[in-house]
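Before anything else, here is the set of structures, which you'll find just below.
Next come two complexes, and both contain chain A; in the first it sits with chain B, in the second with chain C.
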Partner chain A sequence: MQNLKIKTQNLIKLIEALKKKATVLAPQADEYKDVYLKAVSDPSKVILKHFKPLMPAVREALFGQVENMINFKKSKGNTKLSTVDESQETVLFGIPACDVAGIQYNDVFFGQREFADFYYTKAREKLTIISLACVTPPNDNCFCATMGHGPIAEEGFDLQLTDLGDGAFLVNVGSKKGEKIVADNKALFEDATDADSKKFEEIKKKAEKLPVGKNINKDKALGNMGREALNEKMMLEITDRCISCGACNYTCPTCTCFNVVDHQKAGEGMRKRILDSCILGGYFRMAGGHNPKGKRDERTRNRYFCKLEWDKEKFGDSGCVGCGRCLDACPVKIDIKEVMASLA
Partner chain B sequence: MPKFSTKVKTKKGAENEYLPRAAEITKIRDLNPEVKHYTLKFKDGKALEYKPGQFVQVSLFGVGEAPISITSTFERGDDLEIAVRKAGSLTNAIHELKEGEELFIRGPYGNSFPWQEYKGKDILFVAGGIGLLPLRSVMNAIFHHRKDYGKIWVLYGSKCPTDCVYSDELVSWSKIEDVSVLQTVDSPASGWKGNVGVVTTLFSKIEFDPDKTIAYLCGPPIMIKFTNLTLEEKKMRPDDIITTMEMHMKCGIGKCGHCLIGHKYCCTDGPVFTYAQLKTLGAEE
Partner chain C sequence: MSEVKHVLTTCIYCGCGCQFYFKVKDGKIIGVVPSQNHPVSRGQLCVKGWNASEFVHHPDRLTDPLIKEDGKFRKASWDEALNLVAKKLKEHADKSGPDSVAFFGSAKCSNEENFLMMKLSRAVFKTNNVDHCARLCHASTVAGLAATFGSGAMTNSINEFEDCDVFLVTGSNTTEQHPLIGSRIINRVKQGATLILVDPRAVQLQKHAKYHLPQNSGSDVAWLNSMMHTIIKEGLENKEFIKNFTEDYEELKKVVAKDEYSPENTEKITGIPADDLKAAARAFAKSRKSSIIYSMGITQHTTGVDNVKSCANLAMLTSNIGRASTGVNPLRGQNNVQGACDVGALVNVYCGYQAVTDPKNKEKFEKAWGVSGISDKIGATVTLVPNLAIEGKVKALYIMGENPMVSDPNITHVEKGLNALDFLVVQDIFLTETAQLADVVLPGVSYAEKDGTYTNTERRVERIRKAVEPIGNAKQDWEIICEIATRCGYKMDYPSPKEIFAELAELAPIYHGMDYDRLEKDFGLQWPCPAKDHPGTKFLHKDGKFSRGKGKFFAVEFKPPAEMPDDEYPLILTTGRNYFHWHTRTLTRRTSALEREVPESYVEINPVDAKKYGVKNGTLVPVSTRRGTITVRAEVTDRPKVGTIFIPFHFAEGAANRLTIDALDPGAKIPEYKVCAVKIGGKQ
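Showing the complex of A and B:
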């Protein structure tokens, strides 16, 4: 499909139109000027500049921090169960390419494989992704280009916007859903001229060359993740500094682990799942007390192997999409880029 | 070419795999002071088809859910049977239940013990403590087809005589033709006439041909470790040593992440692994 273009004022009108049928989650500033994804009520308040949300976009719309699963009611020795389906039409607007890649990972992890996850699948069917490409890195910890997941996405979005810098955005259409949005709002879009497309290519070239992350040879680093080759010293240094807070897991767009708990009050309650972290000491502990990964180095090792080696084995690519959030959030500044640099 | 992909095909089944079915407890028996055995019947009347070595996710709403091994054998027409040791809040709450009350079950999950492909082989079962619970499913499958197999040994170790589970069945198994049941305890009580020592001390009492024997093990990690070493010393191939693993689990369907053994999920890739597999996963101990 030919590239399209949308003027800034029309983009605001598009958000207005989308808002009628769905909850639009878009970057907006709160009273303290902190920017995060939240439901749009006034489209003119949406910040139309590329940014990296503090929490990955997948958490906001698909796999939440806490999710209701099963409602239960007890009476006279019988328990009545009902599946909770809280999915609703949602648009993720203005998310970066690393988050688009994160959702692609979750699509495979939750939506495919042996068992499809009911809650994820339901929410995913109702999700539209309108991403906004990063023309400059949102912060110094970004390294999506190194990992091959940005800064401008190739796929995984319904629509992708790139700021052309002249009051208009170039629009890439990535799916049937995206085509439908364009068809339903024809008057807001225009065809991109050759000059626009040329400009887009230039922006893309420049963005990919920006110093996002260290100069790491990804393939070499991942290839050296093998058990024997892994730099033991590096691993121990990480373990020495790690304080087992779990922030890296909670902010990672491809961390999928969860815990399940029942909350009950007077015979009525909810089974919920809560995002979990393999860095935490009790993560692997079994009833009765046996803990197969009771030592911190066993758990940090688990995290790095999971991200950089096992995911590659299972899903064809490393689970790290280069968003840099683990470093953004880490109180002791453990840098996954340094781990990779030590291997390459 | 998508960035992420999988070759694993998605199973078509229940719409919400996390939603369990209600089952009535039709019979409870005490296996030892810590372990109870439950026979279950699904309230919707539909039976569960399962293979030896598989497990179910057992729920008591308001308390929680946990993976529990199936100890019965579908092959011979058993109802669903599980055995539960008091270990945490959920299992303690399950122990409070009475016959006629309900539990919620989903599954069965996991791979299973290979056994039909070992027709003609000699079979060695080695169990420690409640390791006998999951092994019972494959033991009864093999005993049900007794004539298809060669010699059979059952080596069973427990901490003390009162810790021993399925004592009555150990006696009836020993009466099956060409089945030797050998028992040992770590610390004997007065009146115990049998062997004293860890389960590997029983190996001096039997003679088996490592080339035609398949070993099934289940027990605490330390027992598995030393039994594996002993069997290797006796020239058994790691491929012929089969064990079933226990890990913390929340989902049973390869999503929650808690049961990783190396890069494998105990729930969907296991819980049954060969010693050879465990070696490659760095989890042989």
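Showing the complex of A and C:
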């Protein structure tokens, strides 16, 4: 499909139109100038500049920190179970390419393997992704270009917007869902001219060069992963600083581990799943008390192996999308880029 | 369609005062996201912060008032429960006098709630028997720094640590107990700052310390005096500053210059090698940006006030006070322990540290509250109430949000005290170990269900905001207090916490310039903030102008702890906290990720001692003191120094406070949690 373009004022109208049928989650600032993805009530408040939210988009719409799974109630010896389905039509608007890549990872993990996760799949069916490409890195910790997941996405979105800088956005259509949005709101879009497409290519070329961490050779780094490669000294140095907050897991768009907890009282209750963290010792500890990863440095190493080696073995690419959130949210500035640089 | 709403609030755990957003959907909290612009959190949290919502909706939450009948609780209506509480409290006060009733506020509750608790105690019941758990953590700071500087609070601000050149951290496991402060220390050391750690345990900061001086627990005055001995001997003190801004220096000098405080001589008391101590003292004295950071390791001793005064002496001696990135920085443990002190939930002061013994203050508050006959006698502290109950002097006790059956020293004695009461009412959100002993239990609300303010360790007054509705029939804590006061014949009525705060600000000079509209705008204000156009105060005692006028040196002699090891009890027991739990574990045991990390009590024992006493890692071992015996799992580790064992106090099962001694600092009445004599063995 040919590239399209949308003027800023029409983009606001598009949000207005989408909002009638779905909850539109888009970056907006609150009174404390904190910006996060929240439900749009006034489309003119949406920030139409590329932006990396603190929490990855997948957490807002598909796989949250705390989710209800099953309600249960015991009566006369029978236990009545009811599956919770809280899915609803949602649009993720204005998310960066790293988040698009994160959702693609989760799609495979939760939806396209032997077992499809009920909760994720339900929510995913009702999700539309309108991403906004980063023309400059949102912050110094970004390295999506190194990891091959941005700053302008190739796939995984329904629509992708790129700011052409002249009051209009170039629109890439990435799916049938995206086509339908265009068809339903024809009047708001226009065809991109050759000059627009040329400008888009220039922006793309420039943007890909910008993100820091570009000097890391991803293929070489991943190729050098091995049990000896992540040397003990480096892991211990990281461990000495790590304060076990779990933020590198909680803010990672490709961390998929959760713990299942029952909250019950008098035969009635709720099964929940809670986002987990492999930095914590209890994550690995067995019922008898033995812990195969009892030391923090072992867990640190495990995390890097999970992201950089085992995900590649399982899914063909590293689990790290280069969003830099593990560094953004780390109180002691532990930097996965430094780990990769030591390998390449 | 249900939408997610974001509500900015302040973390319930430590005194860092991080702010985050609750994500709320359909009346339930589904996540926590740190504020990116908040000066402390800056888009980051510790593990407790990230997991600070699970307990809110836990099925164990109290949903109705409970009244005990024939040893069993039954549900009651609010009217019935409140009437009974008011009647009983009043009966005892009428019959046995105002001081037969006592009130515990709470460092977990808001400024507004603690303010009302002290108003209930003082205006309605005419007793100063109102206190809270600051008595157990920083009572010595409040007393010690008030005496030396004129203000008993952290002198500087959290972000100033990012410019410090030398840190002296003592008795603070900063990375575990104030994680976002700990992280600033680590980051600054990575940039080249020097860290001096004085702690009997090799806590995480030890990895970053240039000097780790593992002192014998309870020898703090000795090593502090010894540092000052070295500094004065080598002429490293700031004579100009001492002359211009301080008093009683000669008295100090007379004591610390004595030969018995030479590093070589104190080594025998402290266990700190003389050369290490001298090197650390030089590093501290030579830097213009040296900051002392301390916590319970300094305060929880029978010499707690002396320890604090000695820290103040060291800061003044080297003029590391009254400027950015210097100072004496007690890290306040609880989310609102600073605030609960500020608003006067203490036996000797009204809000804003105005002494109850001063007739002018009595007059001021009587006028403000429209009452007469407020007591000018200092009340009974948290730590003295059990004894007074046993003696029959305190008959009724109203506890809000505290759990002395786990947190207070020598629990067996506490239990005896609480059982000796005629009437105990406990207001809490879970049926705690203390609530189980109550005659009436009143269900308050969690921080997610209320509006109010907390004051963090850097004196920052911050809003907490209601995110969800109260669980069941639980009631706002401030409303409960108002209802009781009104039923006791004093009409207490506010439209909302905002108006309570306005009354507090009116009466407390340090909060005078604050109101909810101002607090709403930014991320709070740091006291002192005396006027509406005052921007708040980043660091105290600027340019040597101490709150009390001149900084006062106190010449302090070393005194040993109340109970030292002997043949029968050959080891030192020191207690403290663990990163993953919070105090009496009421909240964290109901938070799956935190409880899973550390599901049971344990004792840290050095391999040398483990070998000597036949303790194997991972096995259950009995541990005994003269107060009792508990059985806990052994963790053989080189964290504690040889001769010292460590047990966290969080656990009701395997409770460290069955063992601790209830010896008190004579001034601050803080217990000596950090030292008592202990042995491996004994029968439970």
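The criterion applied here is as follows: the second predicted complex is superposed on the first by the 337 of 344 C-alpha atoms of A that agree within 3 Å, B and C clash if a C-alpha of one lies under 4 Å from a C-alpha of the other, contacts with A are read in each partner's own complex, and residues count from 1 in each chain.
Here, a residue touches a chain if its C-beta (ideal position, glycine included) is under 8 Å from a C-beta of that chain, and two chains touch if they have at least 3 such contacts.
Because the structure is a prediction, the values reported are computed rather than measured.
Partners chain B and chain C, once the complexes are superposed on chain A, both fit on it without clashing.
In the superposition on chain A, contact is made by A:264 with both chain B and chain C. Looking at the shared chain after the overlay, A:115 reaches chain B, while chain C stays out of its contact range. In the superposition on chain A, A:58 makes contact with neither chain B nor chain C. Using the contact criterion defined above for the overlaid structures, shared-chain residue A:142 touches neither chain B nor chain C, since it reaches no partner. By the touch criterion defined above, A:98 reaches neither chain B nor chain C.
By the touch criterion defined above, A:280 lies against chain C but remains apart from chain B after alignment on the C-alpha atoms of chain A. Of the two partner chains placed by the overlay, only chain B lies in contact with A:256; chain C stays clear of it. An angle of 80 degrees, to the nearest 10, separates chain B from chain C at the C-alpha centre of chain A in the overlay.
By the touch criterion defined above, A:88 lies against chain C but remains apart from chain B after alignment on the C-alpha atoms of chain A.
When the shared chain is aligned, chain B comes close enough to touch A:77, but chain C does not. Figure legend note: chain B and chain C, brought together by superposition on chain A, show a least Cα distance of 10 Å.
Shared interface residues of chain A (contacting chain B in one complex, chain C in the other): 259, 261, 264, 269, 276, 283, 285.
On the side of chain A, the complex with chain B involves touching residues 69-70, 72, 74, 77-79, 81, 83, 101, 104-105, 107-110, 112-119, 148-149, 155-156, 227, 256-262, 264, 267, 269, 271, 273, 276, 278, 283-288, 290, 292, 302, 305-306, 309-310, 313-317.
Note for the complex: chain C touches chain A at residues 1-4, 6, 8, 21, 23, 25, 28-38, 43-47, 49-50, 53-54, 57-60, 175-176, 179-180, 182-183, 186-187, 190, 204, 207-208, 522-523, 579, 592-593, 596-597, 618. Taken in their complex, chain B has these residues touching chain A: 2-6, 8-11, 13, 15-20, 22, 61-66, 85, 87-91, 100-102, 104, 221, 246-248, 250-251, 253-258, 260-261, 263, 268, 282-283. Within the complex, the chain A residues that touch chain C are 22-23, 30, 32-36, 38-39, 54-55, 59-60, 64-68, 86, 88-89, 240-241, 243-247, 250, 259, 261, 263-265, 269, 274, 276-277, 280-283, 285, 289, 328-333.
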